Amino acid sequence: MKRRAALKALTLSAAIAAIGFGSTGLYAADKVVKVGVLHSLSGTMAISETALKDMALMTFDEINKKGGVMGYKIEPVVVDPASNWPLFAEKARQLITQDKVAVVFGCWTSVSRKSVLPVFEELNGLLFYPVQYEGEEISKNVFYTGAAPNQQAIPAVEYLMSKDGGGAKRWVLLGTDYVYPRTTNKILRAFLHSKGVTDADIMEEYTPFGHADYQTIIAKIKAFASEGKKTAVVSTINGDSNVPFYKELGNQGVKATDVPVVAFSVGEEELRGVDTKPLVGQLAAWNYFMSIKNSTNTAWKKEWAAYAKAKKLPTADKPLTNDPMEATYIGIHMWKQAVEKAKSFDVDKVTAAMAGQKFKAPDGFTIEMDAKNHHLHKPVFIGEVKADGQFNVVWKTKGPIKAQPWSPYIPGNDKKKDEPALMAEKK
Amino acid sequence: MRRLYGPAGWSAIGAAVLVMAILPHFLSSYWVTLIGKIMCYAIVAVALDLIWGYCGILSLGHGLFFALGGYAMGMYLMRQIGREGQYQSDLPDFMVFLDWKSFPWQWWNSDHFGWCALLVVVVPGLLAFAFGYLAFRSRVKGVYFSIITQALTFAAMLLFFRNATGFGGNNGFTDFKRILGFTVTSPETRAALFMVTGATLLGTLLLARWIVTSKLGRVLTAIRDAESRASFCGYNTVHYKVAVFTLSAVICGIAGALYVPQVGIINPSEMSPANSIEIAIWVAVGGRGTLIGPILGAGVVNGAKSFFTQAFPEYWLYFLGAIFILATLFLPQGIAGLAQKLGRGRA
Amino acid sequence: MAWRWERAAIAALLVCVAAPAAAIDKDAVAKLGFGDSDEKIAAMGALVKEGDPRAIEVLKALADGNLQTAGERVFIQRDDDVLDAVTGEKVESPPEDRDDVVANNRIRAAVGDALAGLRILSPERAKRLAAAKELTGGADPAMLPLLQRALAAEKDPEIRSLLEVATAAMELKTGDKAQRLAAIRRLGASTSPASRTMLAAAANAPDADPEVRAEATKSLAAVEGRLAWGERLGLAFAGVSLGSILLLAALGLAITYGLMGVINMAHGELIMIGAYTTYVVQNLFRAWAPGAFDWYVLAAVPASFAVSAAVGMLLERLVIRWLYGRPLETLLATWGISLVLIQTVRTIFGAQNVQVENPAFMSGGVQALSNLVLPWNRIVIIFFAAAVLVAMGLLLSRTRLGLFVRGVTQNRAMASCVGVPTARVDTYAFGLGSGIAGLAGCALSQLGNVGPDLGQGYIVDSFMVVVFGGVGQLAGTVYAALTLGFANKLLEDWSGAVIAKIAVLVFIIIFIQRRPQGMFALKGRAVEA
Amino acid sequence: MSISAAVASESGGLGRVASGELDTTHGAVLYLEDISVSFDGFKALNRLSLSIDVGELRCVIGPNGAGKTTMMDVITGKTRPDEGSAFFGQTIDLAKLTEAEIAHAGIGRKFQKPTIFENHSAFENLELAMKADKRVRTTLFARLSGADRDRIAEMLRTIRLADAADRTAGLLSHGQKQWLEIGMLLMQEPRLLLLDEPVAGMSDEETERTAELFLSLAGRHSLVVVEHDMAFIAKIARKVTVLHEGSVLAEGPMAQVQADPRVIEVYLGR
């Protein structure tokens, strides 16, 4: 029954489009498929999410230029959930039930994802979530194109323990006080224990949202670092607080060679607001860096710069790409491939077709959607900040590694199945 | 002298009841949840109007009472998930991540609907009573009161952000499955919640109407207009203010409790000062000191928000901002007061 | 390995005398270019051994990420031209596909040490000092003999003390028991956090013999005693700094709200506008006067004042003007205004943060104590806040405008009777408050991120400060800002940032219950309201 | 709701004071003894002592800043004295009561600037002022009895607002507002009325009537009238108290006080 609904929706939207876009002769039958973009364009998260919205639109243009999806022209439906979590749920419902979109690309914070998740499961919608997160979740209605902890946090810590990383023995786990940092740090603590680090050598510190004064914290870190062993800081500070944190770090003369700081939510975009000269050598772990050298990435960056200029985006003078943008780009393309494989926009068919999709990504690898767990196999890069705000890749995995949404470092996860619990079969 | 409502009023209410009963069966789940949500907001707006419009106390902390009610209900809904969470544990998932082995004290008895329903009323009530009593006794008035209520809700928000507080940190509660054994997502449950909300809204309206038309209502207005005269007349203004403030908070709590199962999430952002200010704005736009006004206000502002965020995602804030500015400038009496407003000059 | 460094040093000495510009070890350079970290570090040693000044150049190039490879060859990028790393000659038409040689922290640290090793004997004091500082971080024990020689040769007391720590550190690692005890005592006399690190290590080393450990523990206590002071002072400074920021953020509000009674919810956005103005001014300087870039701040101060003031006056004329005497409605209107302002900025500058760079004289910090660095930008802002405060005080107490403002705010009707142009005074007063908010924005841009939501983070705090200090009491605002700054920092040190913030808010709430008129309540004859 | 119940029980205090009979066995309704109040150094009241007899009509005069209003604030509990004691009758220590309780005990006050409930009709103003159990819950359920309506109607006639009963008080003339306020005081059936410049802004004719009203009230109530309008004082005055710099300068019949050189000095000396 769902399927018929979907198809009806399709013909309907196609009809509407036929009226709307009668003139564009590009598409034989002017067939149109609506897709939703659910990113905050206002409120606190706009800082990060606006770029993803633009990237999604760029990718749609690109696909449409190449003849669309199965000959259907993509018609984006952009809404602004305004960093307001209940509004996310409302908008998701609207996209699926009112606009009848075939798929939704969106969300950044875990709470926004958790807020829309029940909606997608109830209405059997399809969501592509492009941001690294704490794991501990697999939904049959969601594809996670960002990193799970084992594709970001753990390798970063391993690197810092290695000789090249400086052989850190003491650890400061610093984060904004909410779920992603707490969970990540919990996983890391378990991991560190497994490597024989004692609790005495781990300091965990949290700051409130939008914290802007890091004097005390950095003083604490300096004191902690001067107590015997090589110390490294693992930062899960939330986007907005990073600028004051790094400015303070630089001005207090904490050098990466003494106390390296590795961050999981600081990329090119976040550093846009910072003078990076004092931060040279500080690290970040991602599955993509703008500075990666390969033809795909070069082409992609060119495309983005051109798009930004064409659309007169405010950031056009300094167009940046980053990991979540890449994840968005990959997600959209994989969806396209899956649709074409399934020869249908039907959610269940597309979901099935997603398994094992491959795509040559800007990170230089041909990455693959896991056959079961809805997460991508991604390569991991460790980058060191350069004076120009870009990253030097100082370490990378040999190839893509499989995501472990259920971290083995959380008790009880060993029992969990590495695929969606098909609980949404109620109706 | 003053009846609760004239025949016209009553028939309107009757009509409303009818619509409430029929509507949900014809609307898509989107509209049902959206309207349900807005009705919850409308209840809050009426509650705020009761103290602001009639007693001249502007609370910028009503989002807190709303959220507290929501959390109380949320606890129950979390318990109703049972073992269907990601971890098939009796504990809610977030407790499992933090590997807590048992429920913290706040969760005592939270698997009983009755208990949570009690909390919905008592927690906001007690907080409002204690806070109000202290504040009014020491004659904290006007803007001062507004600002410390803002501080209160802000502090509460930070507190609830902490995972250690035991309410799921900034993710709050979500992914509810059942309420009183019924599936939250089933159309029937939705319809039921919708009707209950509608009924509560009407109930609130009538209660408020009854209060403001009673002598109590006149005393409240008297306190608003000339507090010291009122106390020289022998009215203990502190008690009056505390009573109405508490009542208003309780109503907010109930609204919150109805809100959570319909939107499917409760988290600390409901306590952010911005949300509480918005509540005040619904009332102002709709018309202070009228009871229908705030309902209109909540409807118009949220309706506009839902529409604009869809139609003009890039520019909707301009529209919303403009509405607020123009409403305060040209409709001091709000939409409801528009009629009388005509012809009167600026203050 | 030890001999390597000695030779290096001697060679380096020779170099300083007469530098024959010659090609350097080809394979070493190749290793630098293509080897893994271990090979690179080995190669470094080899190059240093040759002691050629060009070795220094190559190493610096490596550390700064200017070393590049193409095919088999290694190049140095210097500004626009490309040199051959081996010969040092300029390369005409270098290959386009040059890859940067990646230097990670470990390499950078090693290069730092190596260069320091070469420079420690340099005739220039500055270079030696820098090198000595570098080395106290705990360098390769192999350098010990070199350092001892340097120490013997060194006259300058400051450098000597640094070197003593450095040598002591190494002896602690390598020397025999007697040396180690001596080393420990010397470290005990120093004040550097580095020596604390090493003593701690020694004190907790399981294998070391009890005597050494006892000694280490003793010295450690001594050092920590001295360091504790640095930490206390640091805390105090942090308090003052936060206080000064709160003060700046709240001063403008103290006028618009405190004196004029406008609940200005757009105050935060006026701050934000000030910050963006600073950003624009910065960009203008970068574009038109890159030479004078460091001084853009001086231009930004008046600019941000002017812009925010202008916006403020505009708002006053268009909106707030009509709402006097209806404070709670100004709240709603200004809230609407703030939404519009935020979105406007978002549309113009984008939702992302923009980069405001500290000018050279405001970046970095001053080493007040061995373990206490006071960042320049914070120091500057403290003085800036004081200056703004004084200026505002004078403006209000000495000038005609100030007189009018006070007159109007005390008794509007009477003021207008005696011929004060109240309407214009309102506009100016509001402009003044907004302008000061702009200044705050200019200051904040030097500390944190500049984005559309900048103001939202400060609005609540600002109101807390004004109310806590007592509305209409400028002095109160000052005391409130400092008190809250200190309270926040003390609590934060003791209970963590989140609890600290909550505690401060609760404290304010309770305080207002006790003294509804704020810290500086003026008791007055009860007047009928 | 448990809460409003709590409030109600809280407010039990009011009822008690209200019901307590005023003990005026020694003939005096109000004693002020050595009252001092100072605001940031400035002594508004300086060891002020004063006593008002039952049924007396006392006029209090004095230059601005003499402490007249502050005295009233002290009596009505708006300001707490730094030193000294204020007793209502023999037993009720005003320093211990809230404004509302004092009002219940039987002291009514009229402010310099007429303060009435602008958005209520004249009728409602009186209704609100009328002596009754003024606790929250009882107020919620309160209904006007026939008798109450008659009393209000009568009062409206007394203060000559019968035809303006349903007019919004805010729209009344200044004089009418003054009268309405006086009416509200009387509805409280106070033992003692404090009247701060009652005839300010009244037409001569209204002033005339006010004088008559006060004279008629004296005896049933005790009145303390603060006024600048000497003509008015002369009309009604029996005993006059002159305040100066926070304490009593002179006291006695009008003629005597007017003759008093110190008083003349105070009024004309500067």
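We just call them A, B, C and D in the order they show up, numbering each chain from 1.
The rule we apply is simple: a contact is a pair of C-beta atoms (placed from the backbone, for glycine too) under 8 Å apart; a residue touches a chain by one contact, two chains touch by 3 or more.
Being a predicted model, the structure only gives us computed values, none of them experimental.
Engineer: Given the contact rule stated at the top, which pair of chains has the most C-beta pairs in contact?
Structural biologist: So the chains sharing the most C-beta contacts are A-C.
Engineer: Greatest Cα-centroid separation from chain D: which chain?
Structural biologist: A
Engineer: Just the number, please: Cα centre separation of chain B and chain D in whole Å.
Structural biologist: The computed centroid separation for chain B versus chain D comes out at 42 Å.
Engineer: So the centre of each chain is just the mean of its C-alpha atoms; given that, what is the distance between chain A and chain D in Å?
Structural biologist: Once rounded, the distance between the two centres reads 72 Å.
Engineer: Go ahead and note the Å separation of the Cα centroids belonging to chain C and chain D.
Structural biologist: Spacing between the chain centres: roughly 64 Å.
Engineer: Give, as an integer number of Å, the spacing between the C-alpha centres of chain B and chain A.
Structural biologist: Chain A and chain B have C-alpha centres separated by 35 Å.
Engineer: Which positions in chain B are in touch with at least two other chains?
Structural biologist: 158, 161-162, 228, 314, 317 - these are the residues of chain B that touch more than one other chain.
Engineer: I need the residues of chain D touching at least two other chains; which ones are they?
Structural biologist: Answer for chain D, listing residues that touch two or more other chains: 78, 111, 115.
Engineer: Mark out which residues of chain A touch at least two other chains, giving numbers and ranges.
Structural biologist: If we look for residues of chain A contacting two or more partner chains, we find 41-42, 177, 206, 208.
Engineer: Note which residues of chain C are touching chain A in the complex, please.
Structural biologist: Residues of chain C touching chain A: 37-38, 65, 99-100, 102-106, 108-109, 112, 137, 193-194, 196-197, 200-201, 204, 227, 231, 234-235, 237-238, 241-242, 245, 342-343, 346-358, 363-365, 367, 371, 373, 375-378, 447-453, 456-457, 488-489, 492-493, 496-498, 501.
Engineer: Can you check the complex and tell me which residues of chain B touch chain D?
Structural biologist: 121-122, 125-126, 128-129, 211, 214-216, 218-219, 221-222, 225-226, 228-237, 239-240, 242-243, 246-247, 250
Engineer: State the interface residues of chain B toward chain C in the complex, per the touch definition above.
Structural biologist: Where chain B meets chain C, its residues are 52, 58, 134-135, 138-144, 146-148, 150-152, 154-155, 158-159, 161-162, 227-228, 273-274, 277, 280-281, 284, 314-315, 317-318, 320-325, 327-329, 332, 346-347.
Engineer: Contact residues on chain A for chain C in the complex?
Structural biologist: 41-44, 46-47, 49-51, 163-166, 177, 205-208, 210-213, 215-217, 219-220, 222-223, 225-229, 240, 242-244, 247-248, 250-253, 256-258, 260, 269-270, 272-275, 277-278, 281, 293, 313-315, 384, 386-387, 392-395
Engineer: Under the touch definition given earlier, write down the residues of chain A that touch chain B in their complex.
Structural biologist: That would be residues 41-42, 78-82, 84-87, 89-91, 93-94, 97-98, 110-111, 114-115, 117-119, 122-123, 136-137, 177-179, 182-183, 186, 206, 208-209, 410-412, 416, 423, 426 of chain A.
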